[in-house]
Every structure is written in structure tokens, then in C-alpha cells.
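Letters A, B, C, D, E and F name the chains as they come in the text, with residue numbers starting at 1 for each one.
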Amino acid sequence: MEGLTISIDTIWILVAAALVMFMQPGFALVESGFTRSKNTANILMKNLMDFSIGSMGFWLIGYTIMYGEDVGGFIGKMSLFFNSDAINGVPDKASLMFQTVFAATAATIVSGAVAERTKFSAYLIFSVAITVIIYPISGHWVWGGGWLSELGFHDFAGSTVVHSVGAWVGLIGAAMVGPRLGKYGKAGEPKAIPGSNLALGALGVFILWFGWFGFNPGSQLAAAGEENAVAISHIFITTNLAAAAGAVTAMFVTWMKYKRPGLSITLNGALAGLVAITAGCDIVSPGGAVLIGIIAGVILVFGVAFIDRVLKVDDPVGAVSVHGLSGAAGTLLVGLFSTTEGLFYGGGTTLLGIQAIGVLAVAAWAMGLGFILFFILKKTIGIRVSRRVEEEGLDVYEHGESAFN
Amino acid sequence: MKKIEAIIRKTKFEEVKDALHDNGIEFFSFWDARGVGMARQSRVYRGVAYDTSTIERIYLSIVVRDINLQKTIDTITASARTGEVGDGKIFISNIHESIRIRTGEAGDESLYIKD
Amino acid sequence: MEGLTISIDTIWILVAAALVMFMQPGFALVESGFTRSKNTANILMKNLMDFSIGSMGFWLIGYTIMYGEDVGGFIGKMSLFFNSDAINGVPDKASLMFQTVFAATAATIVSGAVAERTKFSAYLIFSVAITVIIYPISGHWVWGGGWLSELGFHDFAGSTVVHSVGAWVGLIGAAMVGPRLGKYGKAGEPKAIPGSNLALGALGVFILWFGWFGFNPGSQLAAAGEENAVAISHIFITTNLAAAAGAVTAMFVTWMKYKRPGLSITLNGALAGLVAITAGCDIVSPGGAVLIGIIAGVILVFGVAFIDRVLKVDDPVGAVSVHGLSGAAGTLLVGLFSTTEGLFYGGGTTLLGIQAIGVLAVAAWAMGLGFILFFILKKTIGIRVSRRVEEEGLDVYEHGESAFN
Amino acid sequence: MEGLTISIDTIWILVAAALVMFMQPGFALVESGFTRSKNTANILMKNLMDFSIGSMGFWLIGYTIMYGEDVGGFIGKMSLFFNSDAINGVPDKASLMFQTVFAATAATIVSGAVAERTKFSAYLIFSVAITVIIYPISGHWVWGGGWLSELGFHDFAGSTVVHSVGAWVGLIGAAMVGPRLGKYGKAGEPKAIPGSNLALGALGVFILWFGWFGFNPGSQLAAAGEENAVAISHIFITTNLAAAAGAVTAMFVTWMKYKRPGLSITLNGALAGLVAITAGCDIVSPGGAVLIGIIAGVILVFGVAFIDRVLKVDDPVGAVSVHGLSGAAGTLLVGLFSTTEGLFYGGGTTLLGIQAIGVLAVAAWAMGLGFILFFILKKTIGIRVSRRVEEEGLDVYEHGESAFN
Amino acid sequence: MKKIEAIIRKTKFEEVKDALHDNGIEFFSFWDARGVGMARQSRVYRGVAYDTSTIERIYLSIVVRDINLQKTIDTITASARTGEVGDGKIFISNIHESIRIRTGEAGDESLYIKD
Amino acid sequence: MKKIEAIIRKTKFEEVKDALHDNGIEFFSFWDARGVGMARQSRVYRGVAYDTSTIERIYLSIVVRDINLQKTIDTITASARTGEVGDGKIFISNIHESIRIRTGEAGDESLYIKD
């Protein structure tokens, strides 16, 4: 009985981990599709490497920094070469697997924001840093028993812990590496640099949506027993509805704002809905999920325009809007829509306040460390490829291979 | 011998090809080109509107004997026309020599099939 | 024990639901691959939207129309905003999730049949209608306790309920919107309009095949207990064998009929096998499944030719043959191959008769309502894009974005 | 309780089988991406067919040849039309399903090695032979109770049984069919024939990686009970780490060897890590898995060069290095890294010796039968397309259809 | 009438287009071409180094009235130059006749817009 | 100066390129084109047979000094020939002027490298 409970929970987590791992090609395709074909091999290489290096780094030290015994609410006690066959609810290695794919998700988000102009070697170094330092430490605050979890901050599957962290680092990175050549005209007006292959981009979004059924329901970390069965079913529904609402909303908003329903923004809308529901998928109602998705869809469209036109940060795939703005919004909205403590359900503003603290603290951390990291890289090996390489494509110069022949 | 270069709408290609065929012009080469002209397509990518003046076109290159020149021009003009801006252009220039690689035949006789 | 049973069944259904959801990109890729690249963004957008809108509509009212308390054998009692945490075998929300992805499958089938010439706005409206009216009502007849289920009609996972419904509406749609420009010559002879990317098309078919391992075995709706374990194993085998037989048969038939083994028809053949086995995957033997796949493969090749040359309906992706003809055939063949009641196993013609009634009734319903729907749309907002838009591609005119740059 | 145990194990095996089936498009994409676009339809067709024909052949007789009652340690007792509803741990049909997708994996590996020049009809015949004769017989030796299993040969999930078998047959095939036109210059120096679409290639590798989470953990054949839960968790970790290490290593090695980190070799590196860990994923530590991955990554880079330059066998996708050399290496390394009997863990050289015997025996068998097979095909229907067909592409001549239009 | 064929770097296309536009040359056709010349890119595929002398280029085809010839050449030369090997070439040849498909206008007047 | 336009089989491109190189013709441009001629490929898509007369070809554009003209023609003719229908054509026309964008050199000297 006990054994079967463990088995059921383990199966659940491992299947979920496989689905979350599958989000990696989802990201790779979205990023390849939304950028130019002369940089496709570079994008694919970055995605392959952040997952590979991240897997090793998180096993080596990242996991214990995040989940090791709490040290002052700030960091876990690090230990090397995680290798335990103990069972805490589920086997420790199942937890390691599940958490590894989450860490890799945070890392891979940055890749899109800095695409088409960043040095590959700098990207590799940065990728190590986010998986073994930036992500695990703020992750520890929320999920590892750190100060934010003490406070009661609710981020069920990582709108803030995973997605926003990646996005804020990406924002800093994109700003510091500067816009792609030709992205802004002489008067500073943004130019369109159309993505090379929206079919691959759309496939990527569908794969991500599919993978999210591991990301969110898997974060229940258990499936045995009536309560867990109901919980994971509930999470499936809220996750799916928010994604749907995000896509539909983004479509109608672009339709009104730009006269025609554009595909690339609508695809981002689905992702925005998914990111936004991630924090509260367990404690908002299906109706709440639809509303969260709608809000995320609206934020996405205006967020993309804001970052492009006002901040003038060049984010080729919309990573900051999708993972950063929608992630922050989704986390805050838990304070409104939580059926247990949310403002709209008579819970007062306490949770909302805590959510705001969490969102800000993590943003400050991610941006701060992101800045330090990119600053050091810039002063040392450099973060941007030369003009010639950027013009002719990173594929040939950085990798000696073009993706399409 | 003259070379006729015709830049036509991509969507008109099948019609032009059939019309040429019906008029006995059975040899030519073509490729995808883009044109900058008065016809424009407006697009929006991720909220940034852009006005692309580059329209997808087919570039036909046909070398004909002088006796076939006018017929070919008329055929293309008739079959490629829609009357809207962007129908394209035809340019005529001289060709000094033509050689059929397979046989080495040169001159006019490389341009048609003797039977 | 009870709790674990629920957990096991819930996991099964949710994993299956995720797999069925993943069929959406499968459809999107098949349709994109089999059509021209100037319409790819439009196709992708339609697929994304029918799933998104369908998910919301089915949650809002579709589910209860289908599974609500039976009203006169014809329809379920509708109620809004499905939100129950009750458990009936599995949590109600797990059922909702599973049924939602089925509804979206029916809707998305139409998209392929009317591809490359249909107005996007009309498609959206139509998409709502199929998910909240057409599909749930005939679905209620068979699966919701309606008159066909009373009669003993056997359609285990939806050859007729899901696939044929989509296909018959698609047939009517394709007929009413008319063939693509250039599809038929002056003498009415069909012309080839080669698909733009059979690599994506083939990937789509493999994804669908993979997703079908959720579609059919998931429809067992349970996995706990020896009996269920044997049943789902059996269904895996019949599903896989029928698909394989469909593909191999279609290949050899085209090889003989058209001199060379063509890829696009062979891909359709695999799908035809899958659709055909869906009705009887639980009660035919592996050998029966192979025979059903073979028959479906033959029907597919001749069906495509028949619709193209005789009916002169332009169905760019073969949706009507794959989902309609093979779906109907597969449903009828249950009457022959059912190991419990089939004619070949001494069960007489009773079941065969009932199967025929079901196939015809659902076809009549789907075509009838499809006709009314497209007729209204045609008279109001119009269903076909202008000549210019069709010639230059729906992507630029309808969405302002081209898929490939 | 008993029933639930069966259910849990069955779910595990069936989900794993679905994941392994999904490796088929992974192979199809890698092979399409690494070859030229004029042969894409042919590659896709071959992949579709080897899975389809393989599924039928393995059901018809392959399974019983492999797992039927042992006859002299060499072969299982064949019986036709496998159709049992018995339960041996899991339902027999679940085993059939799981084993079928493994057989198809072995078959599909060959397709890449002989790509772009092999006759489609010969490929079909060969495909039947590998699934019903070559693979099941050597498979019987190791997994079906044959002489190698008696000896204590350890190949948990098939580095040798599945991957190497395919690769050695592919090596013989590639050698006998000869290099592609233009692959070697007048002085015998190898020329580059760049792959047409590394984006699809990379997607394929990610899909394979994902599918491997079915391949290896599924081979535990059970998930119920603490012990199994720990085992499958462990296998997830070792599998993932070896893949990551293989990719990272291959990247750094190419970087040093050829000045720039190339994508296509790095992709192969991930696969090499996966193939290598497959034999020992259950009994090596995570650290051991990383080392195995690193060794596989090194072998891969030098292996590709060796086969290309020294053997002068034209293997367009690197199948022999990935599945053959890395598979053999991974199997041997079990003798060093096994935490129970490995040399590095004080187990002496016994296991290492047995592993070597197994690797050599299976290689001899696969190459021997591969030779006979291709020899007969060459003397009868011929195995190579004509010069004209090869130059203009197999798609148009063999299938009458081109993949991209 | 003269035909100007310019083979430029792909990366310089936007600049050349804008420069032409600013100088009143608003009609032309172009397509992707590859060039064999002195500029080379070295690549490595699966360990086999290969030196490709074929660089991605844009092939511009512009038919201009004689009065616009020199201006167009100067514009292209100025805007397409980087000073490094591989900047490309401009070739000038004669065109006998030009026809606007839409209106049937021929000669010089088919090359500009009367208002 | 003369312009040589050669339309050859795609499959013969590498051979032609190497032959030109061996004969000292190291500069040219080329692109993918399709040809309508006597050579045909029959295809079947979803049961509908279609006879495509459009074959994939490479279009070479080579401007050479007059002294190199014959050599170039001979080289192409020899290396592109298979003897089967569909080998392609070579067309020769006049070029008035040639300019090297990088240096501004004009005339014959823009066509070779002085050392």
C-alpha cells in the first residue's frame, strides 16, 4: 500500500519530468522560428547546451543549493554529486530529475531574449551561472524553505521562481547586449525583423503547451489518494483554460490594435496564459483561470509593444513579456483570485501584499545578478559578436555550419 | 535572336506558361524574384507595421528567334495583365549567340527542334 | 485502496488527455504540410484557435450538453461554468479535460477540408458551433446516454462520434466553399496542387499516431485492476496494428494504381487505419485489427480518388476520406469483427444493423447542421476569401504575416 | 492490491512504449535533416514503413522467435499471430507492445546509414528480415533466455541488443551499397555533403532524448513497489546525465579538433551518450553515467572521422558511430562502472570479459546476417538506384513526389 | 535605356535599396544569387572542412533611362561598398525595348510614372 | 566584354564549376532556376498524375573579357553535357561596362586580379 503510493507518486513525477524536458525543443523551435534562418544553428546549439550543461550543473551542486538544509533563509547547504537512494515521499532521484528540468527551463528562457547577436562562449558561461547560482538561490527562498516560503508566498509551479527569473535575466541581457543591427531606425523607431519560420514556431508553442501538463500538474509532486487526484485534475483544467484564454485574447487584441489577427503574437498569447496560471493553477477556479488568461493575453500584446517601443529593448521572441510580465502578473493575481485567501474571495489584501513582495524580491535578485554577470562577461570575453558576424549570421562564423543547405 | 525578360506576378505564371505553350513558345527559363515598384503589401509583425514594396514575382528569361519576338511579347502582355498596378515589365535585348549544350548546335537552330 | 484506484484511473486519463491534446499540432502539421506555404500561417492560426475556443466553449456549455442529465435521448441538460470537484470513478474535472480534447479533435478536422480558401472569421464562428452544438449533441446520443447508446451502438473511442462528425461537416464545408482556384481544369479534370512540406506532414502523422495511444486506450477511462490492465494493453496492440496495416496497404495500393509508392497517400493510409480501428479497438482481435487497417487503407486510396474525381469536392488534406469514409467503415466493421457480437464470430447481423443506423444518423446530423451553418455564414459574412487574397495567399491578407521569411 | 500492482506496471510499460514509438519521428527527422532535401520523401517513407512493417512482422512471428520457449539457447519457439490475454507480471500484450517498438528501433537505425542511394524495394525486404530474423534471434540470446543471458551478459535496455544490431547491419549495408556520388574525391578524400535542415535534425534529437525516458526506465518493466520506484528514478537520472555529458563532450572535442563547435556533431554526441548509457543505466552511479557519457562523446567525434576517412564508409547520419561504436563502448563500460560487479568497484574482470563476448558475438551475428542479406539483395533485385536517380533525387524517381514544393 | 546588373552582398541590400530610393530609383527587381569569386567562407561539416567560395548575394536588375544611368551606378557603388574583398560587381548592357504590361506603354515612358 | 548565360542541369553544377576553375574562370554568379523545355519529369500527387516540364536548373551568369569567351564556352559545353535531352543552353550577349564595387575599377581590369 505504502509502496504503491510511492510508485504512483513517482510515476507521476517522472512522467511530468519527461514532459517538462520536452519543453526544451518547444523553446528551441519557438526561438528558431521567430528569428532569422542565418542564426538557427546557433539558437539550437544554445538550447541544447543550456539543457545539457544545466542538467550536469544542477546535479553537481544546484539541487543542494536550492533544496539543501536551509542556511539563514537565503540558501541551501551545498553538497556535491547528489546521489541518494532515499525516499522522501518519492525517491530523491525523482525529485532531482523533476527539479533539473525546471532549472533548465529558467536558463533556456534567456536564450530567446538575447538571440541573434550574443557570443556563444559568453552564453555558455552565463548558462552555468544561472543554473547553479541565480536560479537555485531565489528558488530556495520560495520552494526550498527560505524566507519567502516562510512569509507564505504562493507560487505553485513557478510563474515567478522559474519563468520570471529567466525573463528578468534575459531583459538585462538583451538590454546590455544591445538591439540587433537594423532593429531600430535612425529616429529610434522599431523595425520589423520577421521570424523565419512560424510553422516551427507554432509547433514549438504546441509542444510547450503539451509540456505544461507536466510542469503544472507535476508540481503537485504526488498523485496518490483522492485529494491528489482531484488536485491534478483541477490543475489540468485551469492550465488549459488559461492558455486558451490567453491565445484568444491576444488574437482579438492584436486584431483590434493592428487591424489583423497576427499569428506570432497569438502564439505568444497562449504562452502568456500558461506562464500566468502557473503560480495559482492549484487554487484558482476554472473561471478564475480564464480571467487570468485573459489578463495575461492583454498584458502580452501591450507588453511586447512597451518593451519594443518604450524601453527599446530588443527581445526577438517576446521572452520578457511572456515569461516576465505575464509571470509577475500571474503571481500577483493569485492574491486576487485564490479561492482560499484571494481578495476577490474575501481574503483581504494580505496575500496580495506578500505576492508583491515575492515578485519584487525575485525580480531584484534576478536583475541584480544578471547585471553583475553580464557586466563581468562584457568586460572580459565580451558578449556581442562583431558586426560582420552578426550581418552574415552566427551560424557560419560561430559554428562553421549553416542550419539550412 | 532576342532575349525577352519578363517580370510577372507569381500568381499569373501558370496562365502565362500555358499561353506561351499554346503559341508555340516551348522553351524558357524562370526563377523567383522580388520586385520593388509601386505595388505594395502592408504587413504587421509583432505589432510593427511594415510596408513591403517587395512583391513576389516570377522572372522569365526567353531567348527567341527574331520572327517569334512580337508574338511572344503579345502573348505575355495579354496573359499576364490584370490591369492593376504591379503587373510587371517586359525588357528586350540582343543575344549574339546561342548554343545548345547537348549537340553543340549554334545560332537560330539551337532554338527550335528540327524534325 | 479505493483512493489508489481513483489515482491510477485519474493518472491514466490525464496522461491520455495530454497525448490527445498533442494531436493538435499533429493536425496542424499535416494540414500545413499538405497545403501551400502561402497559407501556412492561416492554417496554424485556425488550428490554434479551434483548440483554444473549443476548450473554452466545451467547458462553458459543451460538456454538459453532451454529458448532462439526458433529455429525451437527444441532448444533455446544459449548465454553465462546469466546476465540480466530485468524483465519479475519476474526478469530474479529469473527465472534462479528457472530453475537451476530444471535442477539439472533431473541430480541427474541418480545418483541413476547407483549407486555403475559407475566411478566417467564418472559421472562428463555425468552430464555436461545432464544439458547443454539433459535436456535443450527436456525442450525447452515443456516449452521453442518448438514444444510440440505448440501442447498443458501439463506438468505443469515436470513429463516428468524433472523426466522422468532423469529416462530414468538413465535406459539406468543402463543397459549399468550392474548390481552390486552379484545382479543376476547364474539362473538370482534377489538377495536382502539391503540398509544400511533406516533412512536416510526416511529422504530423507520427505525432497523431503517438497521440492515438491516448485517444484509444484512454477511452477505457480506467486502468486500475487486472481487467482494465488487460484491456488497455489490448487496445494499444489493435490500435498500432491497424495503423501499420493501413499505411502498408495504402502504399501497396498506390504503388499498383499509380506506379509508384507515394508518400502523402501512405501517410493518409496510416491515419485511415487509426480512425477505422477507433470504434472497435476494444473488441476486435489483433488479427481483426490488421484486417480493419487493410480495408481502411484500400478505402482511403479509392476514397481520395472518388472525392477528387467523382464528387469533385476539393479536400486538400484528404480529411473526408481519412476521417469520414474510414471512420464510417471502421464503425460498420465492428459489426463484422467484434469478437463478442460480430457477424464473423457468429453474432448475426444485429450489431451490424445497429452500427449502420448509428453511422447514418450521425452523418445526417453532421451534414444537416453543417449545411445550415455554412449556409447562414455564406449569406451573412461570407465564407470564401476574394480571388486576389486566395491567389496571393491568406497569410498576408488575413493575418498580415507570412509564415516563412 | 495484486490488481493495482499489475495496473501500475502496465501503465508504466504502456506509457514507455508510447514514448519509444515516438522515437520513430525522432529518427525520421534526424535522418531527413542530415541528408539532402531531394531525398526527404524517401527517408520519411522508409521510416514510416520500417515501423509499420516491423509492427506487423514482430506481432506475426518476431515476438515469439525472441521470447518463445528457448530452443538450445539460440532461438525461441515460434508461433503465429500472438494473441494472449494472459498476465505474466503485466499483460502479455503490454509486453508485445513494448517489445515491438524496440524491434522497430533496431530496424530504423539502418535507414540512416544507407540513406540517399538505396533502392526502396530492397529496403522494404531488408526491413522485414531485420525485424523477424536478425533482431529477434540475437535478442533471444540476451533477453529471451538464450546463451548470453545464461552467461550473465548485462545489457539492461539494449545498447547492444537494439542499437548495435541496427548499426552493424547498417555498416555492412553502407559499405556494400557504396558511398554516395561525390562523397569521396579522386584522391579518396572525403567531401562534405551538408545536411539540408539541422532544425529538423535538432528537433529529432530532442524527440529521441524524450523518447529515451521510455526506452530506459521502461525497460525496468515494472514500477510498483519502493524498489522499482527507486530504480526508475535512478535510471532517469543516469540516462539524462549521460546524454548531457555526451553532448557537452562532443561539442568541446569538435571545438578543439575543428576550431568551432559544430551543431551536427554535438547532436550526435547527445545520442551517443544515450546509446552508451542504455546498457548500464540501472547499475552505474550518476557519476559513472557522466563518465560514460563523456567517453561516448569522445568516441563519437573520432568514430565519425574514422569511419569517414579510414574505413571510407559513407554513413550520412553517423548511425554507425552513434549506435554501433557508442553502443559497444557503453556495453563494455558496464564491466568497469557497474556498482555491483564492475572492475572499478572491485568486481574484477569477469563481467568485463562477459560483456566483451556479448558485444563481439552480437556484432558477428549482425554483420554476418547483414552481409548475407545485402549480398542476396544485390544479386537479385539490386540495392542501389541508378546514377540518374541518385543525382536528381530518390523522391521524384522512386516515389513520384517531392517533399518540398 | 540601359540595364544595370549589380551583384552585391546580401547584407548590404537594405542600404542599397534605401539609397536607390533616396535617389529616385524606385523600380527594380532582385533575387538571391550566389557568387564565386575571391571571397570565401570556410566551414566544417561533421569534421570535413570545406572552403565554400559561394557567398550569398543579391542580384539586382534595374532598367533605367540613359539619363539616370550614371546616378544609379554611383548610388550603388557608394552604398554597397565595404572595402573588403567580395563587394561585388556592376554590369551595364543595352536594352532595346521596354514594355509595361499593365498599360502596354513602351519605351522610356514605361520606366517612369507620368502624373 | 561579353556576358555568358548558361542554363545547366543542377546535377552538373559541381563539375562545371571545377572545370571553369581549372580553366582560369574564377568569377561568376549563379542561382537556382527552373526550365521549361523538352525534358520532363512525371509525378503523381495524391493520385493525380502531372507532367512537370519544369526542371531544376542552375543559371550561370559569367562576364568575361573577349579573349576568354571561347575558352569559357568550350569549357561549359564540355563539362555540362550528358547527351540526353535537357542539357541546357548557353547565350552570349554584349556588356558595355563593368565596375568593381570595391575599388571602382572599370572595364576589363575589373574582371581580373592584377598582382
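Going forward, contacts are C-beta pairs under 8 Å (C-beta built on N, C-alpha and C of every residue); 3 or more make two chains touch, one makes a residue touch a chain.
All of these numbers come straight from a predicted model, not from anything done at the bench.
*Asks:* Please find the path from chain A to chain F through touching chains that uses the fewest steps, and give that number.
*Replies:* Shortest path length, in steps: 2.
*Asks:* Enumerate, in label order, the chains that touch chain C and chain D alike.
*Replies:* Joint contacts, listed by label: A, F.
*Asks:* Looking only at residue numbers at the chain A/chain D interface, is the share used by both copies over half or under half? Answer same or different.
*Replies:* different
*Asks:* Centroid of chain B to centroid of chain F, CA atoms only: how many Å?
*Replies:* 18
*Asks:* Measuring from the mean C-alpha position of chain B to the mean C-alpha position of chain C, what distance in angstrom results?
*Replies:* Comparing mean C-alpha positions, chain C is 44 Å from chain B.
*Asks:* Give the residues of chain D that touch two or more other chains, as numbers and ranges in rising order.
*Replies:* 1, 4, 8, 11, 15, 194-195, 197, 258-260, 262, 264, 400-402
*Asks:* Using the touch definition from the top, which residues of chain E touch two or more other chains?
*Replies:* Answer for chain E, listing residues that touch two or more other chains: 31, 43-45, 93-94.
*Asks:* Would you mind giving me the full set of chain pairs in touch?
*Replies:* After working through each pair, the chains in contact turn out to be A-B, A-C, A-D, A-E, B-C, B-E, B-F, C-D, C-F, D-E, D-F, E-F.
*Asks:* Which residues, counting only chain D, touch chain C once they are in their complex?
*Replies:* Those in contact with chain C are residues 1-4, 6-8, 10-11, 14-15, 17-18, 21-22, 24-25, 28-29, 32, 40-41, 44-45, 47-49, 51-53, 55-56, 59, 81-83, 85, 87, 90-94, 96-97, 100, 120, 197, 200, 398-405.
*Asks:* Within their complex, state which residues of chain F touch chain C.
*Replies:* Chain F reaches chain C through residues 43-50.
*Asks:* Show which residues of chain A lie in contact with chain B when the two form their complex.
*Replies:* 190-195, 254, 257-260, 262, 264-265, 301, 304-305, 308, 318
*Asks:* Going by the contact rule at the top, pick out the chain D residues touching chain F in the complex.
*Replies:* Where chain D meets chain F, its residues are 182, 391-392, 396, 400-402.
*Asks:* In their shared complex, at which residues does chain E touch chain A?
*Replies:* Listed in rising order, the residues are 10-11, 14, 41-45.
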